[in-house]
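The following blocks contain the structures, represented as structure tokens.
The following pair of complexes shares a single chain, subunit A, combined with subunit B in the former and subunit C in the latter.
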Partner chain A sequence: MTQRKRLSATQSSSQSRRQTGSLLAQEEDDDSTFTQPSSTQVQRGLEKLTPAQVDQKTAEVVQYFLVKDQKKIPIRRADLVKHVVKEYRNIYPEIMKRAVRIFDQVFGLKLVEIDTKNHMYILVNKLETVEGASPINSPTNPKMGLLFVILSVIFMKGGVVRENLIWNTLKKLRVDPAEKHEEFGDVKRVVTDEFVRQRYLEYVRIPHTEPPEHEFRWGQRADMEVSKAKILEFMGQLHEQDPQSWSQQYREAHSTPSSTQASTSSQR
Partner chain B sequence: MKRARGGGDEEGPRQNGSAGRRKGDQQQSDGDDGDSAFGPADLQDDDNDPGLRREIRSKYRDLINSVQQNREDMLSPSNNKLTEVLEQANKLFKDVRQAREAALDAQLLVVATDLGKEKASQLFAEGTAFDPTAFAEHLLSFMGLNRLEDGEEEQNGGAVDGYLPQDAWHRVARRAECCFRTAPSFHYMMGSFHAEPPPPKQKTERQRKAPSKEAKRIMPTQLKKMEESHQEATEKEVERILGYLKSYYQDDPTSPISYYEFVIDPSSFSRTVENIFHTSFLIRDGLARMYLDSAKLPCIAPVEEGEVEAGGSCSRKQCIISISPKMWKELIDAFDIRDTMIQPPNTE
Partner chain C sequence: MSSVTIHCFEFLKKYRCLLYSPIDCKYRVPSAAPHVDLLQVAVIHPTLQTTGSLKRAEEGRGGGNSRKARSVSDELSRDMSQQMGDSHRRFLQTMMANGIVDEQGARALYQHCCETHSTQCTPDKLDDFIDTINSRLQPMFMQIRKGMSEDNGQQYYALVNMAETNVTRMSSDYADNELELFRKTMDLIVGSENGKASSTDILNSTDTMTAKKLKKSETEHLLNRFVNDKWLNEKRGEYTLSTRCIIEMEPYIRAMYQDQVKVCHICRNIAFQCQICENPACGIKIHNPCVARYFKGRSEPRCPACDDFWPHEIPEVRRPQSRSRR
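After this line comes the complex of A and B, so read on.
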């Protein structure tokens, strides 16, 4: 108990978590069973285990991430601890450190904590996709096309758009959110639920609107995964226009996201 | 954000201007009314005509609706639709007399202002403005839209998507792939494996089902046991004893069967008591009869099928048989009983 108190005092994240209220009460419950152990605790925990045991647990964590990542829904620390780490929770930081290294060196993936408040992780590809055909002729997911269109419109319109603009644009592309699409099924659900849960999009109600209207923004995963510069490049190609002619978007694409890109390229 | 707000401010005066103009129109029209028909009664009539009021309100609603529906089209810089709408509203406002209509006018103003704000933000954007309509058009070409067939239906073609090739969205997805740094998802080589076979569903079902099943299982077994141990078991035992009695009688119908020899189990007092108990049912149901032989010792014999009714009508007598372990031992000695005539049920 004293351990937890000390931690919550030092970690601003857990304090703010406490303030988020009833909605996150469930998650908090799960998470409260887990407290980040201190480095001395980890050290003591490691002394009691054989290296093989730690390796085994790390491998389990890596597999859990890979399997859970199939659905692209962020993985919660609480779930990870509950289902995989279990009694090894006292050396959790060490296991995560090793898992990050394995993803980095073996799989070429980056394990990112996208939500430090609720402790959610995603996997991001460290390697840039080569333009043109990918080496493995993997089947494309048409939903990525749909997502790409939405993200492009949001980006090109300055980061926030009303939902109507999205729906109208999609209608022009023969995708009516009111109808069942042969490829996407319930389009409205895919866009406002699936993409939102995967953290590609944020779908928020605009205050004081009657009837209620919503607006779209980029989600945390999109910020990590999607290259604005490349979207702009494609835009230029489509419109047969120099990407630099959208000067504002060009500036944004080549300023903010470059920080993440630089870090990955330096690691390589 | 700053820019957008600036645009809104920029638009503000214009809207005010148009509202001001409308005010002027209203005064003018008031003047007109005054000129043509000065009678206040007439004016009253015009004000209260519910049909006219309703018409004005409906026209306002139509206007608001059309602005909301065609918002994106109205935003495109190539047309002047917003001005047209405002002019229409000005015309409508001439006849506005009541608060409800004025409220609708205000609502339209809100919608129009919002539109104006966005139009202004387009105007002030640096560099080339992004036009989603043009984007959609280019994208359709990229997806391989067959424009030759599309031609005329450009406007209402939204409902018909037969012109797009099957792989239209795959094309977009493939081109967009390079913009994403998505981690390749993990697949099992030996067929598919669903990582999450609805675990919450199963859990709740199991939890709810489990206790009910158990309860169901326990209840019937308890009932069955009760039935067996009391009613059915007794009935079966009675029938079994009747079977013994009949077979002994058939072996030698002439020699009487001694009641004590029949009932007593020399190895078990309790079995003896049970036998007496069960045999009493045979007597009660008229399936067996007891009589005293020449030595005044009780004998037992089954009642023949034909005799049953006859026996039932004739005089019935009741008696109580008591037995104690001491009596049981004396009887075994007296009759020199070495073996039971009624085998216990489990050794059969």
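After this line comes the complex of A and C, so read on.
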């Protein structure tokens, strides 16, 4: 199940929602009652507050994003309003405008609304990676190696693959999804749940398949964070082949601007 | 085919850092030190207080005219943004990913960031470079702060969180009873003569916990977590506060342990692992590395305050190693 599906499911069944009263449902309620204030409302709201109060609230919002983004799960506007913005919701657009500016100017990060319907945000790094040159070795997450392999397979196979292909590829790399892996843990859960919630992958059931079969695509976060040109470069090294020899992939990798500056793709 | 894929995995393993980097999490907010939840008194950094009072003065003058005040702060931020470039941002992101970097590493990183973004790098201007970052970080209640390691006397830079808000509380990965154990460990360390707490003493202190009691195995596991998360150091069953912990918590420790806290006579920072003058009328404290530096090359060591003979063993001055950890 993708996150999006689950959300739309909870939205449509508003009755059962009220009955269960689960946490998720309550937050959903919060967001539905939240209406974006108009610019005159914002103006009036700002006049009642001191600049220090607005700065303080902006700082809290920035910290909230930085803290929550560590798990790479998209941040929901409903949660942001409920836990941080609170009584300042009448100036919400102004606070977000300032937060976006701070991420850009201070941290070199871009705050992106990844899902305009359900209002979810992620942070994307704006600075290009410099190949292995940093004198400081930052801690790395081994799961990203796993993700890199999966994204590479999907990209090389034209953007969508059946799940069996992924599992078989991983088996050949001595990662058996049926077994607990020493570094990745429950591989199947990491791939079909964690990566999906982080929006690195889409994992969707193929219609009319029995037993059900699924296919993988790149998720929105992968589109924004991962450079296709770099993947192709890696493939070239792996197969000792010129990246240009995969002409279709090469065109795709170089037609769209490199991931991190892909400002157009972030607007959808 | 299978030889290719095995090759691929080995390749991945070998080039882990290089490969992971395009999609790796490069930034992390400094998780607030475990004390934050226990904080009873608000510890506000002096620089924050001054900006706060500045703003209040501004408001006072402006009265209800918030628009005017806002345009002033807008102008200020525009000025500062001109100073901060991608080299600063890259430096900050690396600090966020690591939490703490030694001085040598920070210098190398400074040079690397400047070269990457083709900006001028003046080797002795690292602190100015960091000041520029701090001027924009402080409104977010964060700061890159410098401090000395009590183990090797080297300078370190740590990214610290100065806020005590609901938000930073969420970043704390510890439960209430776990935080209580951390505070008890700190009590033991601050109250000790040598700045250390033994695992036995820490295990015994769980008897007096008010929150849900921790079992022996849980306590041992938790102490390991504190070490892994770089809040504590462990050596032969004895725990000390890590450099990052001391840098981040200095204002808190000074406020919470006013009567117990030791201050180094040489560098004026708080001291845990130190030597103490044995003259009962004097009793000044000096960090071990400060002792080493101060008495280096003196034939007869004498207390810098009371001039009594300094009876302790004088440690060697440690030279910075090529790439030391922590």
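Simple rule for what comes next: the second predicted complex is superposed on the first by the 226 of 268 C-alpha atoms of A that agree within 3 Å, B and C clash if a C-alpha of one lies under 4 Å from a C-alpha of the other, contacts with A are read in each partner's own complex, and residues count from 1 in each chain.
The criterion applied here is as follows: a residue touches a chain if its C-beta (ideal position, glycine included) is under 8 Å from a C-beta of that chain, and two chains touch if they have at least 3 such contacts.
The shown structure was predicted, so the numbers you read here are calculated from the model rather than taken from an experiment.
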{"item": "Contacts of A:H83 with subunit B and subunit C, given as first, second, both or neither", "value": "second"}
{"item": "First, second, both or neither for A:A59, with subunit B first and subunit C second", "value": "second"}
{"item": "Contacts of A:M144 with subunit B and subunit C, given as first, second, both or neither", "value": "both"}
{"item": "Touching partner for A:P207 - first (subunit B), second (subunit C), both, neither", "value": "neither"}
{"item": "Touched partner set for A:P51, first subunit B, second subunit C, both or neither", "value": "second"}
{"item": "Contact residues common to both interfaces of subunit A (with subunit B and with subunit C)", "value": "66-68, 70, 72, 107, 109, 123, 125-127, 129-131, 134, 138, 140-142, 144-145, 147-149, 169, 172-174, 225-227, 230, 234, 238-239"}
{"item": "Subunit A residues touching subunit B - in the complex, by the definition given at the top", "value": "66-72, 107, 109, 122-131, 134, 138, 140-149, 152-153, 156-158, 164-165, 168-169, 171-176, 183-184, 224-227, 230-231, 234-235, 238-239, 241, 245-250"}
{"item": "Touch list for subunit B against partner subunit A, complex", "value": "71-72, 125-128, 130, 132-140, 142-143, 157-161, 164, 169-187, 195-196"}
{"item": "Residue ranges of subunit C touching subunit A (in the complex, touch as defined)", "value": "1-2, 4-9, 11-13, 16-29, 31, 52, 55-56, 58-59, 64, 66-67, 69-70, 73, 77, 81, 84, 86, 89-90, 92-94, 96-98, 101, 105, 108-109, 111-112, 116, 133, 136-137, 139-141, 163, 165-168, 170-171"}
{"item": "Contact set on subunit A toward subunit C in their complex", "value": "46-47, 49-52, 55, 59-60, 62-64, 66-68, 70, 72, 83-84, 102, 105-109, 123, 125-127, 129-142, 144-145, 147-149, 151, 169, 172-174, 200, 222, 225-227, 230, 234, 237-239, 259"}
